[in-house]
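Just so it is clear, A, B, C, D, E and F label the chains in written order, and each chain counts residues from 1 on its own.
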Amino acid sequence: MDTTPLTLLTIVCEAILKERLLGELTKAGAKGHTLTECEGSGSRHRRVSETLGANIKLETIVSPGVAEQLLNTLTHDYFPRFAIIAYLSPVSVVRGDKYI
Amino acid sequence: MDTTPLTLLTIVCEAILKERLLGELTKAGAKGHTLTECEGSGSRHRRVSETLGANIKLETIVSPGVAEQLLNTLTHDYFPRFAIIAYLSPVSVVRGDKYI
Amino acid sequence: MDTTPLTLLTIVCEAILKERLLGELTKAGAKGHTLTECEGSGSRHRRVSETLGANIKLETIVSPGVAEQLLNTLTHDYFPRFAIIAYLSPVSVVRGDKYI
Amino acid sequence: MWDVLQVNLASPLALAFVLGIVSRLLKSELSLPRDLYASLSIYLLLALGLKGGVELSQTSLNALFWPAVVTVGLGLFTPVSAYLVLRRLGRFPIADAAGIAAHYGSVSAVTFIAAQQFVQTMNQPAEGFLPTLLTLLEIPGIQLALAIGAVQMARERAAQHAGQSAAEAPRPMAEVLHEVLTSRSMILMVGGLIIGCLMGEQGYEPVKPFFEGMFKGALTLFLLEMGLAAGARLGDLKSVGLFLLGFGMILPVLHGGLGVLLGHWSGLSIGGAAVLGTMAASASYIAAPPAVRMTLPEANPTYYLTAALAITFPFNIVLGIPLYYQMATLLAAH
Amino acid sequence: MWDVLQVNLASPLALAFVLGIVSRLLKSELSLPRDLYASLSIYLLLALGLKGGVELSQTSLNALFWPAVVTVGLGLFTPVSAYLVLRRLGRFPIADAAGIAAHYGSVSAVTFIAAQQFVQTMNQPAEGFLPTLLTLLEIPGIQLALAIGAVQMARERAAQHAGQSAAEAPRPMAEVLHEVLTSRSMILMVGGLIIGCLMGEQGYEPVKPFFEGMFKGALTLFLLEMGLAAGARLGDLKSVGLFLLGFGMILPVLHGGLGVLLGHWSGLSIGGAAVLGTMAASASYIAAPPAVRMTLPEANPTYYLTAALAITFPFNIVLGIPLYYQMATLLAAH
Amino acid sequence: MWDVLQVNLASPLALAFVLGIVSRLLKSELSLPRDLYASLSIYLLLALGLKGGVELSQTSLNALFWPAVVTVGLGLFTPVSAYLVLRRLGRFPIADAAGIAAHYGSVSAVTFIAAQQFVQTMNQPAEGFLPTLLTLLEIPGIQLALAIGAVQMARERAAQHAGQSAAEAPRPMAEVLHEVLTSRSMILMVGGLIIGCLMGEQGYEPVKPFFEGMFKGALTLFLLEMGLAAGARLGDLKSVGLFLLGFGMILPVLHGGLGVLLGHWSGLSIGGAAVLGTMAASASYIAAPPAVRMTLPEANPTYYLTAALAITFPFNIVLGIPLYYQMATLLAAH
């Protein structure tokens, strides 16, 4: 089976950022995303979620370049002020050219 | 800790395929799976989900051979006609022999 | 973008273990976690979930040392008696020093 | 006609539907939780079945015979007429034509309920056995359209190229039939009918406040959600084209008129004929979409969902039901 | 007996349960959304407590004394008898015997409610304080069985090998007790009892349409879900073996008979004795399973879940309740 | 005052709230499913709007004029007074002061409903148009506080350093306004008001058992959940400090007193003035938190959530409402 090596960017953050982050994804050129509801704890306010909604996990398969650009935006505009974590993993994608 | 390197196959697709894909997993010899509800957008009909149900994410840890076979089936029978994405990642599994 | 290579430990297990495993995470020194509801099948009782609640997926980004220690605890105290699977994947984390 | 329309527009059902559409247009964040939507539809279908069953237990088979016959006739005719119009006049590909036809051959339970409530408001309640007719109309419609689609596509493919992959082999009809017969709405409605029949008026009494007292209110909430869903599809109206827009409003009137006529002939009351007409006119958007998606994945969901949900459903809720009622009144006056 | 059984079978509760089983057997896709199931059980438990509390506020402590004493007695006896039968006659391992015993020592709230509704239909309503008895019966049952299991397993292990890992150390009993005492069903039922007691008939009035008017209807939906759950376990009947099948129907009759007898002696009415008997006969499948899974993970869930859910629950709902009622009637006639 | 308080404390609403807090303190696992919570709040807001709309359809614009004027006045005054107290007396940073002020400038719908129910129990029902006032009070409050926060922070930043990243640019006010105007609670309440107005008493009749009969019961369940949420925040009381503790109980009394006074002047009945006072006294914890989180992420959620949810909400539910009612009674006696 022919697969393409690509980058999976995973973002976990407070649910309130959903629309804004989906906007950032589109702007950066991501071709798609998968969104899951989740909950979690980290360095900031675990309890907030009760009234402010739980967390979301946003996964997008992108080229390394797009990943880099998104990480830049996140670091600059989101990390200082919101509960959020982001990480990259290497994946092999079927029909990978569709996602670049 | 002793871990075995195995392949994690992740499939994200429209929820309607649930039973059929679980059948394919069993047929190909996967020993288990984990299923999560999610939503997403890609190259096909984001909105469909409203009436047709959201997406599902199906994860199965398998040997590279089983992964290969499943990707073949997916590419041949599902990719052309359904909203679906599939990718592989390398993982190290505790008691890995149980999943081969 | 500066990222730190770290270990993503994923645990999928019966929902009933939630509080106990969160306790183990804290004890082992994990700095955070993300928890998702899911369902699944493996070598043990797929159906149990109906009355006993479905599965949970617990993800925590930790240093290799903490991962090792957690896997030890899981293998010793949980694997023999509960429905559970655990695996490691390599990830590159933004602001990785926060999670060690 | 005008005053009938007014009664309909001032009902909480139509108003809640409009509120749903408007809040989508305003890009409001409002949405009903997924489980509430599912719970309401389970409740409505079961309540519908139970009520129908209780009334069925007091109906003679005689009274049911002719209405049942014409209903089955409608179930065989409407998917075929829809398919032919879409293929011949609309020049749709086989899969799309069959997919849309499956929706128009089947019934929208919510439209049915709204019609029932409407004729009740007009003091012309429908016969108690109409839910029974609904189940008779529901089954053949989807089946027939899917069968036509599968057969025609196989024929077309055979003509084009010999080799055919396993993937493209049509799903076995038995599987599709099982799916439709054991679908959530079938089980709840038919199951409700049977339970209602078995327990009768006396067994119904203690659960009546729940299944009957709450019914209209729950339906109001449900129509709010339907409005949200329809509103989300309004943007697709452009992409489906003018033909489908006309189709989604003219075909219901034709099917509706036929239904009213057959209902009248078979001896139904004014209310009964109007509700039977509404059933024939309505397009399913709960049972049909998944069946079509599974069996005819080549059909474009934007077409069938938009037509059923954003064109025909609001048309029937706002204009159609009063219209079919008016038809039934005119026929009865002769 | 036959006419009593018939009344029971024609009730919407039993019929909805059967519908659930049948749709599972038909492999229907029907399932209640997870949150609806949870919401219904919260509603039922709280409503049960509130109603009980309001009635309790009008009960003298005197009337409550002897029934409370025999209830605690039942709570101590039933888990022990279940454990001994399973160990001695059934030759089950300690963990399995204790795990199953915890289920039969505790109470199924839904079975309790169904019994309450049944005696009401028979015009022999139970005393208002029976929910109070339920909470008295619920707590010791699970505890005692788990304690027996933990102690016996520790003894066995000590005999087998000296070294014992931390993991195998039994959970502290205080933790288990806290879990049971603050479990969802306890909080809702006991909390409801207290609230009901404090607000009395007058405070209850405005919420009565919600908590009492909707009760039977909501219970019908819940039993549909129980039918689905029981139906899903029918396939496991083979793997649990004949002994457990018999156990799941004979033990309830013995416990039920004892409960009716003690209830009668303690001065309960026919309805009250029948409901107390049903409680003793029933097996918990909401509170017990998680407690057993956590505390005795060595016990095989297939055994206890299938016995409680697919054998004893339907047995009681269909045959047991009318039977215990009949027993109570006979006793009262003497 | 004492007997009024007692009536309030014996109501199922207050008792359910206390049960929620207690079960959190007992570390019970009890929690309402997420979708049930969302469903209940949708139901309550829509029912509130519908009822208000039906009554509004029978109100003259005249009767509405002065109450509307004073309500808008309250909407402009309360966020400013809250902001100034927090900045000047409490020495809170701009973001925190503005964030908390947005909560106290807005209204808690549940507190409003509880007040409405209370004055009804006291046989002093409020005017039917009070839900209309609620929407008038809801909008300016949040907006004004957020605007103050944004402007003041921009000024402060400009003073500190010239360069300012895009990320730190305040969100456009139009976006925030759109968010508040099309928020779930706005759409449901204003939409309900309009629907209620259009359908009138006659259209309301068939949905009344659902939207009115179930109302108090559903509210009881909702207050159980509010108790759970408040209980979870009790632990944060220490970290918010004594100032906020006092603020969360004294400011409501001042705002509440002012609201009662203005309500009385504008011609409202005893019940109406008490409810208007309650609105002014209450702090939003549904609409305000997400708006503040999005627009002023620098504000610490622990402050505003704890103040609104764990201090002011219980204070109003238990003590505040009877107090404002007492004030209104005294004023009317003059």
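In the analysis below, a contact is a pair of C-beta atoms (placed from the backbone, for glycine too) under 8 Å apart; a residue touches a chain by one contact, two chains touch by 3 or more.
Note that the coordinates shown come from a computational prediction; the quantities given were computed from them, not determined experimentally.
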{"item": "Length of the shortest touching-chain route, chain C through to chain D", "value": "2"}
{"item": "Set of chains adjacent to chain C and to chain E", "value": "none"}
{"item": "Pair sharing more residue contacts (C-beta pairs) when D-E is set against A-C", "value": "D-E"}
{"item": "Whole-Å separation of chain centres (CA-atom averages), chain B against chain D", "value": "35"}
{"item": "Centre distance in Å when chain A and chain B are each reduced to the mean of their C-alpha atoms", "value": "20"}
{"item": "Between chain B and chain F, centroid-to-centroid distance (C-alpha), Å", "value": "47"}
{"item": "Touching two or more other chains - residue numbers and ranges from chain B", "value": "36, 89-90"}
{"item": "Two or more partner chains touched - positions in chain E", "value": "33-35, 39, 209, 213-214"}
{"item": "Inter-chain touch pairs (all)", "value": "A-B, A-C, A-F, B-C, B-D, C-E, D-E, D-F, E-F"}
{"item": "Contact footprint of chain E on chain C as seen in their complex", "value": "14, 16, 45, 47-48, 50-53, 76-78, 80-82"}
{"item": "Contact set on chain D toward chain B in their complex", "value": "165-167, 229, 232-233, 236, 285-286, 289-290, 293-294, 297-298, 301-302, 305, 309"}
{"item": "Chain B partner contacts - residues on chain A that touch it in the complex", "value": "1, 3, 6, 8, 31-36, 61, 89-95, 98-99"}
{"item": "Complex contact set, residues of chain F against chain D", "value": "33-35, 38-39, 42-43, 46, 50, 178-179, 182-184, 186-188, 191, 194-195, 198-200, 203-204, 206-207, 209-211, 213-214"}
{"item": "Touching residues (chain side chain A, partner chain C) in the complex", "value": "10, 12, 36-43, 55, 57, 68, 71-72, 74-75, 79, 85-90"}
